[in-house]
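One structure, pasted below without further comment.
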Amino acid sequence: MQPARRVLVGRDPARTAEAAERFGWDQASTDWRAVLEREDIHAVDICTPGNSHAEIAIAALEAGKHVLLEKPLANCIGDARLMVAAAEDARSRGVRSMVSFNYRRIPALAYARQLISEGRIGHVRQVRMSFLQDWLVDASAGMRWRLRKAEAGSGVIGDLGSHLVDLCHALLSEPIVEVSGLLHTFVPERPGPSGMEQVDVDDAFWATARTASGTIIAFDASRVATGHKASLVVELYGAQGAIRFDLQRMNELEILDDLADPSDRGFRTVNVTQDVHPYLDGWWPRGHVLGWDVSFVNQLADFLECVRVGTDPEPSFSDGLRAELVLSAVSQSAASGGGAVDVPLA
Amino acid sequence: MQPARRVLVGRDPARTAEAAERFGWDQASTDWRAVLEREDIHAVDICTPGNSHAEIAIAALEAGKHVLLEKPLANCIGDARLMVAAAEDARSRGVRSMVSFNYRRIPALAYARQLISEGRIGHVRQVRMSFLQDWLVDASAGMRWRLRKAEAGSGVIGDLGSHLVDLCHALLSEPIVEVSGLLHTFVPERPGPSGMEQVDVDDAFWATARTASGTIIAFDASRVATGHKASLVVELYGAQGAIRFDLQRMNELEILDDLADPSDRGFRTVNVTQDVHPYLDGWWPRGHVLGWDVSFVNQLADFLECVRVGTDPEPSFSDGLRAELVLSAVSQSAASGGGAVDVPLA
Amino acid sequence: MQPARRVLVGRDPARTAEAAERFGWDQASTDWRAVLEREDIHAVDICTPGNSHAEIAIAALEAGKHVLLEKPLANCIGDARLMVAAAEDARSRGVRSMVSFNYRRIPALAYARQLISEGRIGHVRQVRMSFLQDWLVDASAGMRWRLRKAEAGSGVIGDLGSHLVDLCHALLSEPIVEVSGLLHTFVPERPGPSGMEQVDVDDAFWATARTASGTIIAFDASRVATGHKASLVVELYGAQGAIRFDLQRMNELEILDDLADPSDRGFRTVNVTQDVHPYLDGWWPRGHVLGWDVSFVNQLADFLECVRVGTDPEPSFSDGLRAELVLSAVSQSAASGGGAVDVPLA
Amino acid sequence: MQPARRVLVGRDPARTAEAAERFGWDQASTDWRAVLEREDIHAVDICTPGNSHAEIAIAALEAGKHVLLEKPLANCIGDARLMVAAAEDARSRGVRSMVSFNYRRIPALAYARQLISEGRIGHVRQVRMSFLQDWLVDASAGMRWRLRKAEAGSGVIGDLGSHLVDLCHALLSEPIVEVSGLLHTFVPERPGPSGMEQVDVDDAFWATARTASGTIIAFDASRVATGHKASLVVELYGAQGAIRFDLQRMNELEILDDLADPSDRGFRTVNVTQDVHPYLDGWWPRGHVLGWDVSFVNQLADFLECVRVGTDPEPSFSDGLRAELVLSAVSQSAASGGGAVDVPLA
């Protein structure tokens, strides 16, 4: 196998070359198809908008390149299913694929997942997950591509909702089978380049969901939650304990053991920066705050390690499809008055 | 008017007498009808279970006694409407009536209401309200009257949900007009005196709701939220600010001013124990923690002051009916698959 | 024994009578000596300024009345020693005495004391205790009696420092034997009724202290800690665990078990409102916030129960003297440049 | 000027070469003197233990290399003064020097410093600074070089205390002129390779300090503060406001404006990750948690920018000496019973 070269691909030749230089890439290119044909390229990290994911990812997998793909999998279910098929086919040839749901790689969330799978909080009865931002609070702020359905595919549900759903699937190790939902646009029009323009994506959504084992999840996300910058909060209530997490304090995990003596029961704030915690052998001495960026570094390390040893990384394209199916069902429920809608498993 | 006597009424003569003695009441009785006929009784505080509210409250109002009534107004909408009619009739005769939604009288929540009505956070776009408890987490804990529909009327929706809805109405000064809901019983049977018994009330509920002005509210409440004793949390996100409250830290109100300079924007934790805050002229020197009990004392003070000066206290029986109508619509939505249901205003 | 009457004693006849009427006392008086001679008075609660404590308390004890005395014990060590002697003498006759250090009766702090005495955190190595207030931040705020040494005896060291020292003694069950200290007045003069007046008491103090077993305590208190209303914070670090408390969240106690598995170690926030916790059988259902006032009610209950069963309540006058001796040594250290000073035990 | 090469210098040839390879350095060397003679070396980052700082730094400065030096400046005041002289001399030749007190480059602390220098909290009256760790709680944990004075120079006072003092100087823009202190070793002996060995450095210290303008600072630091991993807490109380910071939540700064309306006064938790905040133009989109590592990256960026534009970076070697002088005075006070000791300014 030829030694790998690092090639940055973009659309604008000058800006791509400049970025490659600035960030230390070996080369720059504006022709992704040509790059996929090179022998010295072993893996690709696809960070384009969702509407080009299917075309590039399928081509890369067919060319035998391992693929790390920015979430969401695709802008429509049809594309997503084609991508899953391509990934299945590639897997049989030893080619790996992975969707970039980076929050799985926050150490505290990886640790939470481990605790849940070990049964430490018993069967999880109810979950509360929210992702609150405030960058659209100002009603006079201008129109942009993220607020146009034709370009963005959807609003907060695709952007933040997909993170919530994938993280939920990871934590519970079980897919959602039924949902009810509500989508809303609080600021229905905004100033565009040529006058007021209609916002046709949601800027907040709410949903309840069930898994086959009977867990009930309440989701919500918003871009008009005044005062919140990037508040991803997760709460899991089980028959024998509970777990809470807040991205704003991402090095802390709150754990409650309900089997403890009643006089001493309470949420324990664990500083998830000890040697014994997931991913921590690669980071700073204990107690030193890790930032949001470690989720990406950990993810890349996991991806490359899977490529190296020849195992399948997760979340897979199938996991990505499963998240899409849940979000699609939420939108369908919302469009039809909020009643419950079944979610197909694939 | 004859000087008032304080008479405690109960069902068991011995226990009622003992309680009256212990807590310093003037007399004890087991005949509430007889007590309602006395000239030295000016007002009654009705703390019986919901299924006797209508009978006692209507009789009291007809007897010209001012009524403070434990929430919820009644166990069914029919009774509630009769009670509203009786209260309207009594009002014309100068007889006052009030429902005991005590959380309106927590100083920090009264202050939040004042800030919202002054427009301090702009139009409220979205609200998150939850009431989490954990006293039913243990699946082996025995059956009790609160878990039998015939006696309790409903589960968490009536018990905690009614507080949430009334508080929402108070904070927004606007009624809810549409809801979607989900009710669930996580532990469907529990050991009773003669074997396993079915639990036929909900131990958790979730709902979304809208007001006429377009505010969207997400409610949830649970008795199986492991680790929570009595966590009533309220978050209001407006076009120009936000407010947060947590009953566990009931002397604090978090206020965000979104019009402040971007470099200094953040939730301000206001210690609502200063002289300038609602109800505080009657309590401890500034900075000293007030407990849950002050909500009842403040409520009683407001009720008696209204009686004294001849104005109508709030929340009125109509307010109580409005909360019932919302909860009834949530149950109806839940029973029919979760689709949106309109809420009548009276 | 003659049935007890409740008599309120004050200096101004009209205001005392009015207060007695308003708060439900049986009688009012302006002659405390006469009241001490009455057969229907069994106990007295002395709430006068410190400079009258010795005279009244000694007379009361000699008259055979049980005494609950507002802290600090006295304004000078000489008086304090006389009071201890009087209390010892009275004890031999079955007459009880107690100093009102109410923070010992906060449930969470009583629970902390219990945990420490059970060895739950091992030997306590270091303690951090602070009491921060901000009512003197404004340098233009006027002179008042509390800022004049002749009347107040001392500044923050006597007012807040005495609480800190007594609480420390109670938590550690061991007296302080050595101290170093610093006192400071940040606003040295303030507008009085006739021009600027010098402030001759401290408005902040800092001290380190040792016990015989080698615990080191860092104290500080201030009236110019901008933003703090009444922040009494206690942190205890032991060889096997740690405990933290903040009066602003007085229903919570943070407990760390250092012998737990390293992956799960963290401060546990225990809601000290469960049936199993100290004093809670007399209060609200679990999870409902208790206020600052319960410390006084609990204290009175303990005092009366000791009187009833014939045991000595604590803190005793000796405990009160011990706190005074520590504070006196801190002042002495501060006055002589901050070097270490031994504290006599009585 | 010759293009720069990146050379990693260590003592063990194999391990240095391996590290250089692993972390992407151009070359490895074990001869720092030879490296200092190279034309393609423009700057050096000295990360050796304190007892070699003087020799290497002075040689580097004389060789015309810009120096970034790990704190503390030196293990003794004599060396520190020589280094200051060397830095002064080098400065006249355009050679830059800087001490690595990385906490100055935490964005929230840089922002705090800016607010204080703008007068936003008025004159700072009192400061509380602590740095708590727990890695020495276990008394059976073995001896190591950091606990031997001959090698480490001092204990927690040099390690954590130097950070506290430099940060204090930076925040107040004013040096400390007087101190009192206490040092203590809670675990006086630990198992070494050949039996129990005496620990001759402190594992905790406490100090009070004054500046010329009258600010009083209370410092403490510990390695036996059970439950704390790396808790650097700073609180500043000014005549018109207050600021609080906790390294465990290093993206948050709490700011209190005491001139605000009394009903709305409270600590505002500002998420210091907005574009308008110091250093944030180089980092993630707003609201995303930054880790401890950014303090080093920011520091290096500042150092290199100063080298590039030809200005002096801070903290200078003089600043480093000033911190040493304060700590030396604390040790001197502690050794002589805790009385106040003057701090020379250079």
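Every chain is named by a letter (A, B, C and D) in the order it is written, and numbering of its residues begins at 1.
The rule is simple: contacts are C-beta pairs under 8 Å (C-beta built on N, C-alpha and C of every residue); 3 or more make two chains touch, one makes a residue touch a chain.
These numbers come from a predicted model, not from an experiment.
Asks: Considering C-D alongside B-C, which chain pair is linked by more C-beta pairs in contact?
Replies: Between the chain pairs B-C and C-D, C-D carries more contacts.
Asks: Using only Cα atoms to place each chain's centre, name the chain farthest from subunit D.
Replies: B
Asks: Counting only Cα atoms for the centres, state how far subunit A is from subunit C in Å.
Replies: Measuring from centre to centre gives 54 Å for this pair.
Asks: Taking each chain's centre as the mean position of its Cα atoms, how many Å separate subunit B from subunit D?
Replies: 54
Asks: I'd like the Å distance between the centres of subunit B and subunit C, where a centre is the mean of that chain's Cα atoms.
Replies: 38
Asks: CA centre of subunit C versus CA centre of subunit D: separation in Å?
Replies: 39
Asks: Which residues of subunit A are in contact with two or more other chains?
Replies: Only 265-267, 271, 274 qualify.
Asks: Under the definition above, what is the set of subunit D residues touching subunit C in their complex?
Replies: 121, 125-126, 128, 130, 134, 137, 139, 180, 182, 184, 186, 204, 206, 208, 214, 216, 218, 220, 222, 224-227, 237-242, 256, 258, 265-267, 333, 336-340
Asks: Where on subunit C is subunit B touching in the complex?
Replies: 133, 135, 228-231, 247-252, 271, 273-274, 284-294
Asks: Across the complex, what residues on subunit B touch subunit D?
Replies: Per the stated touch rule, the residues are 111, 255, 262-271, 274-277.
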